[in-house]
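For reference, the structure is listed below as structure tokens.
Letters A, B, C and D mark the chains in the order given here, with residues in each chain numbered from 1 onward.
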């Protein structure tokens, strides 16, 4: 199998992992940046990660009676780049309609 | 990008997701089968999953003072098959030395 | 501090734990019973738990484009009874308006 | 039931919740502070929380082959103070022997 396929596998692992690790975390517009930073740092520790950027869309928060929200999948805006040898994969987690979609943006082997 | 690469991405998503969703769950040898079944059913709902098999290695459980363990990554023995159009990817989560390794077993496009 | 207070503390631990362990799990009406059973068995392993009953309100599921939902806090209908020595605490997690509320139903010391 | 009992229930909820939300997060000595801050901010949003302090004991980390660890229950050193009306409850999550124990330190009603 190709290095590009392995890089895509690694990107999928990280997106699936961060989603299910952090969904449900109490969050507010004020705390979203520190949650995003914590997620970025957690992902960056894992193998094959070249870069990761996490934003939490605070406009999708609907505060409950106590004034906060829970981190929901649809709030994620994540881009990750993984590398396996000469192959690089760029993937995203981003709201697509109603669904927080994970997809490959591009995956290529460097010459 | 190839269908095989996409199938690998989907397999990675599911393995990363189940790991981080369920790690930390209180578990014992007696309850491990129902946790494994719940995980299998959760994964099977997700897109592109052809089949998934989850076993929890109860021999790795070290009961705490109250007689139970927490589901740890190293206890997972998972095999998943994903499909994207004509491509099929078989991947595993299984202890490799001390590390619960996720890896592609094979990934191919059907003729 | 009283045994009743400790029993309430233990009930709170279990409700907070199950909520944040399982929120985000892919679920459908067909798989909800096995998820509920897995949660009940996980909670029952923990100290001070006399009984626990978990139901998942499938009427609150809004299937995504792929036909499944994620377990959300508002779907939980949980009742737990904890015991610390002679004190018994009965507590619930149940939707109250828009908020999945955890509350003590009763807490008393047996004579 | 007394306000002190309710305050203890609220403290239990928060400790159970943070434990099961964050266990499994990839962590290293370098990233532990930002994870601890994110946890503190998440807990502080929830009702009845007067204060919360989270430390992650990096000395208990055993790096895997890739140089990082997963946040484990035994690494937590947490103190939380909850209030319900005139009652205040101080509780901890801290390693006790081999078990990450949650316990009430004191719970009293102010005069």
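The rule is simple: a contact is a pair of C-beta atoms (placed from the backbone, for glycine too) under 8 Å apart; a residue touches a chain by one contact, two chains touch by 3 or more.
Owing to the predicted nature of the structure, the values given are computational and were not obtained by experimental measurement.
Interface equivalence for B-C, evaluated over B-D, A-D or A-B, points to A-D, where over half of the contact pairs coincide by residue number. Across A-C and A-D, it is A-D that has more C-beta pairs touching. Between the Cα centres of subunit A and subunit C there is a gap of 29 Å. In whole angstrom, the spacing between the mean C-alpha positions of subunit C and subunit D is 20. Put simply, the C-alpha centre of subunit A and that of subunit D have 25 angstrom between them. Among the residues of subunit A, those in touch with two or more other chains are 19-21, 24, 66. On the subunit A side of its complex with subunit D, the touching residues are 21-22, 24-28, 30-31, 34-35, 37-38, 41-43, 45-47, 66-68.
Looking at the complex, you find that subunit B touches subunit A at residues 1-2, 4-6, 8-21, 89, 91, 102, 104, 106-107. Chain contact summary for the complex, subunit D toward subunit B: residues 19-20, 23-24, 64-66, 70, 73, 97-99.
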